[in-house]
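Multiple structures follow.
Next, two complexes with subunit A in common: one pairs it with subunit B, the other with subunit C.
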Partner chain A sequence: MNVKNNWWKFLAVIIMLYVLLAGMLIPMKSGIYGVDSISLIASKNTVIEVEGYNANYDKAKEFRAWIKFDSSHIALAKAVSVKNYNKAVLTFDLNVNLPGTGDVLPATLIIDNEIDGYAIFPEGLVVTRNASAADIPFKHATLDDLHVSEGIKFPYMNILHETIRNTFFHVAIWMAMFLLMTVALIYSVLYLWKPRLSYDHHAYSFTAISLVYGIIGLATGAVWARFSWGAYWTNDVRLNMAAVAVLIYFAYFILRGSLEDGDKRSRFSAAFNIFAYLAMIPLLLVIPRLNDSLHPGVGGNPAFSGEDLDNTLRMVFYPAIISLILFGVWIAQLRFRVFQLEEKHIDKINSGSPLVE
Partner chain B sequence: MMNKKLIVFTLFVFLYFNSLAQGGDDFIRSTGKIYAVVGVILVLFFGIVFYLVRLDNKIKNLENNQDE
Partner chain C sequence: MGKILQLIKKELLLELRNKYALGSILLFGVSTVFVVFKAFNQFSPMTWNVMFWVLFLFISTNAVLKSFTQEKGSQAIYLYTLLNPYNVIIAKMIYNLFFLLLVGIMIYVLFIYFSFDPVVHLGLFILDIGLVAYGLSVIFSFVSAIAAMENNSSVLMAVLGMPLVLPVLLSGIKISTIALGITVDSEMNTDLLLLFAIDLMLTGVVIILFPVLWKS
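And then the complex of A and B:
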């Protein structure tokens, strides 16, 4: 293989290698995996056992914990006893006048130590108020000197845990699919503008690989869903709309298969490709955002929009997209070269056969 | 032929994952669901290999027809 002309193929392989190594080897930040009971009853010694992820509780010297009811009502744990590297028992004095009016209050657990940094269990607790303690004033604490763990680490998120690494595979392949379909769209428009057979063949090749990417996107999502939601498929708007978008692209190949070779087939499929692309935009980008969903990134579920897409994730996420796009272009070119060979073959038969004369 | 084999293989992979996913504290959900990520990477890999095998067959047919 000529390196000068094929440098981008080497680039694709090298970037994918980097994505696999960095994506799988960079550790996660420490987080709160769970607590023994999310419902607490306020008393003088409210006890909660916390289980950490990637934690070094036994090695930490300054272990602190807070329960936060709202921005001005934060209670500091009065005692912390570490059981082992990832388990600690926290004791809070909640026999005080808790904020708000309801009998039960949502609360957030925050822990901090100098090795793991701070970790949050957002809105994870439900505290039942002790009505007889209404006249005892709340002991205010402040969240100060929170530690941040050192080194490059991926953020820890509830539900997602280690599967935040799927950003580099599942999410990246959808992004790559989108770009490859855009390339196919451009070739389809070019064909309608100037009917050259190579435009049609390029459009077909790019649509084929992006459909493969789309199916992989659905299948990888299904594998993840099996272990996060308990089912391969749910009646989630985002999932169903993605499936519809992929099925529309399936129809592109059925349409081509049902027509005979020639300008008519090329024109029909170019027009259908434009329609499919225009249908895909609302199906993948608009409708899922108008509806609630369990999918990460929709309806307050953790994902990668805005502040969630942390810089360490970007460091691997963008190269992953670039690599998958390069692989897609590579495979589309292989498909295109098959078309060229077929064309040559047909020319040869037409010119060489004595039956033609 | 190749397609049927691949479909059966994919079914087996899914059934295997399914058998690993029984119960709450199973193998795949251990260590923060890292094996779900491994499963996703395998699906991605075999998806692309599936298309490459089909392309390979297409080229093989073309090569065989060239001599005729």
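And then the complex of A and C:
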């Protein structure tokens, strides 16, 4: 094997091994898995039991907790009793004038200790106001000296938990698919511009591998949806539009199958490929953004941007995309070489004699 | 422009000369609406909406199917030597647009006759039918051009066309739920613009790609 010309194949394998190892083995940060009751009634001793994930509450010396209503109303827990490594009972004095006007108000729970670092339960609590305490002033505590856990760890997010690792496979494979489909589109345009058979074969090869990627993308998404949304298939806009896009590309192969070999087939499938690609753009990029979706970035869901896609995730996510693109090119090239061999031995194939004697 | 008008006139004449074609679409419409009405007995606006668009899709598939099958063999070669492909496809699309708009209004009238009229915003509903008819006519003109070159045209056209029309149809259904007063949406203008943008984009692509198909 010629190493000089095939270095990128080695690169693809090495990066994929890195993605698999790092993506699966790097631990999660500590987080708040849940609380015993999300609705609290404000009183002198409001008690809440918090359950942590990847936590070391029993080893921590400095355990602090806050309930945050808004940036100028943060209440510090007056007592913390640790039950075991991942359970602690927090007591707050909420018999004060709470901010806002409604009877119930959302609040965020924040805990911090020096081993696990800080953890947030965003907007996870609902506090019922104690109307008789309206004249007792709020004792505001600042969030200071928050600890950050040491070492390389993936961020912990509620609902997602460990499934955040699927970012490296599910999201990366859709991105790789988009790039490979664009390559197929370019070959289709090239064919219409200059009808060379190799362009048509390349377009077919790249479309085939991107369809496989699309199906894997749907499958990895289904697994992820089962664990974070509760069902393999949901009514989500982006999910359904992705399925339609995959159906459109199935139609490409049906079209190729129904036409006979030759220039006409190449021309028609090139034209259909361009049409399908342009029909797919509104499906995957425009419509989902205008509708409520369970996917990140729309309808109030956390987007994978800014602090959510943090540097530790990026460290694995970008290599994953590169590796999947390289694998896609590799597989497309193999398919293309099958075409070349078929062309070379077309007489033998037609006469039915064996290719290898 | 004059050539396009002449081509539209030719399409219309062919349609009218072929009386069974128009009649079959009318019969198809009446019988499917009747079956749906008998099966449901009582419509809610939501089922009305769903059935309207499903029937619209299937009846228009059948209506546009023959778009390129009328010219066969020597006639196609004659047209090919005579005409500019851009004029041909633009004429087909305009003709199909008006034809599908008529089909849509026909189904609407049949629905009112057999059940009731749930439409709250009539103008919006007609505009919605128009935009969807535009999108369907563009996509089906393109697909029937491909399918006409093959003998198994009707099957191929259904298979190729159905996934392609889904975005147009889904946007149309979303707008029509507003027109029927089922949902209230403040972002309706965005939806209308989006549907129109998809239609325009598809039109552009089809006009660019059609000469490639026309050569054969």
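A few comments on the model shown:
Methods note: the second predicted complex is superposed on the first by the 343 of 357 C-alpha atoms of A that agree within 3 Å, B and C clash if a C-alpha of one lies under 4 Å from a C-alpha of the other, contacts with A are read in each partner's own complex, and residues count from 1 in each chain.
In this section, a contact is a pair of C-beta atoms (placed from the backbone, for glycine too) under 8 Å apart; a residue touches a chain by one contact, two chains touch by 3 or more.
Keep in mind that this is a model prediction, so the values were computed, not measured.
Of the two partner chains, neither subunit B nor subunit C is touched by A:A131.
When the two complexes are overlaid on their common chain A, residue A:I216 makes contact with subunit B while staying clear of subunit C. By the document's definition of touching, neither partner reaches A:L25: not subunit B, not subunit C. Of the two partner chains, neither subunit B nor subunit C is touched by A:V3.
By the touch criterion stated above, A:E342 is placed in contact with subunit B alone, subunit C being left untouched. When both complexes are overlaid on chain A, the residue A:I173 reaches subunit B alone and has no touch with subunit C. Set against each other, subunit B and subunit C differ in how many residues of subunit A they touch, and the higher count belongs to B.
Once the two complexes are overlaid on the shared chain, A:R165 sits against subunit B while remaining clear of subunit C. Subunit A makes touch with subunit B in their complex at residues 20, 24, 28, 33, 53, 161-163, 165-166, 169-170, 173, 208-209, 212, 215-216, 219-220, 223-224, 226-228, 232, 327, 331, 334-335, 338, 341-342, 345.
Contact residues of subunit A toward subunit C in the complex are 192, 241, 244, 247-248, 250-251, 254-255, 258-259, 264, 267-268, 270-272, 274-276, 278-279, 282-283, 286-287, 290.
Remark: subunit B residues 14, 17-18, 21, 28-29, 31-34, 36-37, 39-41, 43-44, 47-48, 50-52, 55, 58-59, 62, 65-66 touch subunit A in the complex. Across the complex, subunit C meets subunit A through its residues 142, 146, 149-150, 152, 156, 159-160, 162-164, 166-167, 170-171, 187, 190-191, 194, 197-198, 201-202, 205-206, 209, 212-213, 215-216.
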